[in-house]
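You will see chain A twice below: alongside chain B first, and alongside chain C after that.
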Partner chain A sequence: MKAPGRWLAEHWITIASPVVLLLVWEWASTTGRLRAVFFPRPSTIAAHLFDLALDGTLWTHTATTLARIGWSFSLAAVLGVAVGLAMGLWRPLRDGLDPVFAVIYPIPSVLFLPMVSFIVPAGDIALVVTTAVTSFFLIAFTTTHGVRQIDRLVVEAALHYGARGRRLFTTVLLPGALPFIFTGLRLGLGFSLIVVVAVEIVSASRGLGALLWLSWQVLKVEDMYATFFVIALLGALLSYGLAALRARLLPWVPDVGDR
Partner chain B sequence: MGVVVPVAVLVLWELCSRFAILSPRYFPAPTTIGWVLADRFAAGDLGSEMLVTLTRLAFAFALAAIPAVPLGLLMGMVKPVRDVVEPYLAFIFPVPKITLLPFLLIILGVGEPAFVLTGSSSAFFQIVISTLAGVQTMDPRLLDVGRNYGAHGPRLFWKVILPAALPAIFTGLRLGLGLALVTLVAVEFISAKSGLGHLVFRHWQMLSTPEMYAAFALVGALGLVLTRGLRALQARVLTWQEDIGV
Partner chain C sequence: MAPRDPKVLVSEVSVTFESHGRSVVALDRISLEAQAGEFLCIVGPSGSGKSTLLRVLAGLHRQSSGEVRIQADHPGTPLTAMVFQEHALLPWRTVRDNVTFGLENRGVGRGEREARAREMLAMVGLARFARHYPHQLSGGMKQRVGIARALANDPEVLLMDEPLAALDAQTRTIMQEELLRIWATLGKTVVYVTHSLEEALLLGDRVVLLTARPGRVSEIYPVDLGRPRGLEVRGSPAYGALLEKIWTRLREEVVRAIADDRGADHEKSDA
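Showing the complex of A and B:
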């Protein structure tokens, strides 16, 4: 841990830059240089954020979105890791599914909403399943790659020392693939947020995406900015928080996504 | 081997749909979808919708790449620039870019500029970050060698820094194009009145499912061609790059 004075000396520009921007914005929109209809003053936005938080609106919507992310991420993670491991270990499955994945993966997840809503009941369940689609492919894809990149020598050494079946899996294959699985999960979680917001915009009446879209439709511009701020905060928390968590819990696991 | 499973899935789907094990109303047989696809292409409207999406994609990509690459390079080489810009990148990068759409809609009005710029924004941040990473992770020995041989200023940039960062820039452009497509199609689905994304939405609302699947398949094909094509291009153009990565 460095002395706070030195830390400040190194990072003062990074801190000063947003502060200056907010001050200029505040000034420009107070004096009418920026149209306050489109760019309300940051202090007004903060006040609206505060109001939304006080009357509970923000918490309900945030909780709804978080619950959806939780469900769809769990669904994607369990299925994605399982299918990914199976694909990594069993070649025919990999050969068979690779082309299917290649076609489906680049399709934006929102487009799956119609199909999903034909299969499962519309509403929350369709929303959660749609959100899980892209994360699933991402996690399965990275997990497969994680198993594939394990050094053959390591596997052969383990085989020579008599590791078979479950033992081989838990002591060699799983730890070997773990960095990739973790990266897949982190990216998948990030995608869950992106897709859940998009799907909420299209089809939900609750959740942060819905709040943002409804605020736009009734032109509550301040609420739009406030909601955007919360979504951004959630995004930062999910991506940087998870990276910090990994550094603390699994310090030996490099994040292969940091390139 | 690679074709067996997709073909098997399609045949199974065909049979299930023909014998009404799957409701043909929601899951029309692949051959039906294929005929509709061919028919719509012949009529010209599917092609023109695809052209709309591709035109938007071209504008969105150009508007993102042209400022993003210089900014990323500048950030990589000049620390004060990096310090000033970094907090915004860190704040906006993890945000779903589709949330920028309502802001652009009120500022620019409902129309092409707002749609295209939303697509742009998702590519922009990806390209800046990849470019920056490319400059920052370059082997410092390359710089030393370049300097020792008397390269500095523009010469150092053109001969050493840019070639070293090029693979990362290309990766950024490739990922950015994919992101722009995904975001644009989502924007079309949500709020535009044309393009492949809107086609899926409209036929969903009208429950004309064969047309819906046809548009859906076209989006998939477009994504596949773009991602695969660019990967092949990258492997061919940047032969000094060892690993293309995911």
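Showing the complex of A and C:
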């Protein structure tokens, strides 16, 4: 690929900008240009993050949030891929569901919480179902599109060489849609995180969202920022993890990361 | 030579498409035949239905009327295998798995499949690329895989739809020589669609000239340029004379096709 020197020459700004930002923040809080009550020094936040990790608080809340994301995302992924595939393959279903999806999709998921609570037990189950809604739509949309965009000529060639029914599905339609399914999963995972944290803020006593909100309400601003940082890191890790998984599972896709 | 049943018999085949509520005749009562082991080339202006005819032979499109018969000499192998213009390989399968795809679909055992893939990849010069994915190959190499995939099925008739049209001139020349070699080795019956008259004269035993839409058989020319034939044939007087003769006819059809297109454009702008 590229020489490391050249890579650095192209990307130094990406690496330098957060560092510079933190340094400016540190300087501004120390000199009082930013009010330390609302914008504590990054070094103080780091110390608080360390404390939270040491006394175990951070781990319990992170584990709770991760478990919720896991359930929510799995639910959205299984249903989203299944419904997306069915819509991609079967036109009447697509025509029937498109308008319904178009209406429901833009509604912020958090607003479904009351409705969902009427149907399933309030608490973790309601939270998981609510947070799965947006991801489900994203994954179903991209999966449908993934099936639709498969090169007609490739399908025709597969038919010509005798692929029918189940084999046509497993050897052509599913792998053909997979790059898009992965894109949908990556977006869906990001949204699961966003919505889980948002719902935790409004309705839970545990989890990173709850920790962040509680810290803010009692004005433990350093803890709020520390939690904030953990959420951001979690999001980045999940996204890159899925991208790495995709690169491993889909070796035929040229220039992974472009799409 | 005693008359025998032709390998491919196309009789009075017509194809009509419905387009914007109007029916368009793509092929009009096409009749032709190819003998076993013959290399039959089909040329014609764009829109003459060359590819449609091939798709009918491949079973990808059903003719509106008429009959297609392909003599099956080896039960258990498919009647046709097609090499597509844009190669149409499965991007998610390795070169080897693309070549064995048809065999897999027919339930041929793994050992036999892989032996067959090795043999075919060696024949097209891609033995070292069995584990590559199509996107890692050049255009010419992809088309070699397309040819290996078709041949792996040991079809009664090999169909080729402008297989070299998307390649650059040098690669195309190399591939033409390769095709001649492979055809001489396997002795397959080939129906080959091309828009290049030069290519048809280099490869074919006979050249079928189709008219502009609706496609009819205008004329069938035997190519008496001897075998084995190589690129040097292009320097011979017989080649030049035949090229001139067919081109004169083809040119009329091309001009007519262009005029028809203009006419269609006028109709559109009137509407």
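Convention: the second predicted complex is superposed on the first by the 229 of 259 C-alpha atoms of A that agree within 3 Å, B and C clash if a C-alpha of one lies under 4 Å from a C-alpha of the other, contacts with A are read in each partner's own complex, and residues count from 1 in each chain.
Operating definition for what follows: a residue touches a chain if its C-beta (ideal position, glycine included) is under 8 Å from a C-beta of that chain, and two chains touch if they have at least 3 such contacts.
In this text the structure is predicted, and so the values were computed from the model without any measurement.
J.: Is the number of chain A residues in contact higher for chain B or for chain C?
T.: Between chain B and chain C, the winner on chain A residue contacts is B.
J.: By the touch definition at the top of the document, which applies to A:G123: first (chain B), second (chain C), both, or neither?
T.: A:G123 sits against neither chain B nor chain C.
J.: Would you check which partner chain A:P108 touches, where first means chain B only, second means chain C only, and both and neither mean what they say?
T.: first
J.: Should A:G70 be classified as contacting the first partner (chain B), the second (chain C), both, or neither?
T.: Neither partner.
J.: Quick check on the superposed pair: does A:L193 touch chain B, chain C, both, or neither? Answer first, second, both or neither.
T.: first
J.: Does the superposition put A:V172 against chain B (first), chain C (second), both, or neither?
T.: The answer is second: A:V172 touches chain C but not chain B.
J.: Is A:I231 contacted by the first partner chain B, the second partner chain C, both or neither?
T.: Only chain B is touched by A:I231; chain C is not.
J.: In the overlaid three-chain picture, which partner chain does A:G241 touch, first (chain B) or second (chain C), both, or neither?
T.: After superposition on chain A, A:G241 lies in contact with neither partner.
J.: What is the shared patch of chain A, the residues that chain B and chain C both contact?
T.: Common to the two interfaces on chain A: nothing.
J.: Can you tell me which positions in chain C touch chain A when the two form their complex?
T.: Within the complex, chain C contacts chain A at residues 58-60, 78, 81-82, 84, 86, 88-93, 101-102, 104-106, 133-135, 149, 153.
J.: Of all residues in chain A, which touch chain C in the complex?
T.: Chain A residues touching chain C: 151, 153-154, 156-164, 167, 171-172, 175-176, 178, 250-254.
J.: Given the complex with chain A, which residues does chain B contribute to the contact?
T.: 1-6, 9, 23, 26-27, 80, 83-88, 90-99, 102-103, 105-107, 133, 137, 178, 181-183, 185-186, 189-190, 197, 200-201, 204, 212, 216, 219-221, 223-224, 226-228, 245-246
J.: Looking at the complex, which residues from chain A come into contact with chain B?
T.: Per the touch definition, chain A meets chain B at residues 11, 13-15, 17-18, 38, 92, 95-100, 102-108, 110-111, 113-115, 118-119, 141-142, 145, 190, 193-195, 197-198, 201-202, 209, 212-213, 215-216, 219, 221, 224, 228, 231-232, 235-236, 238-240, 259.
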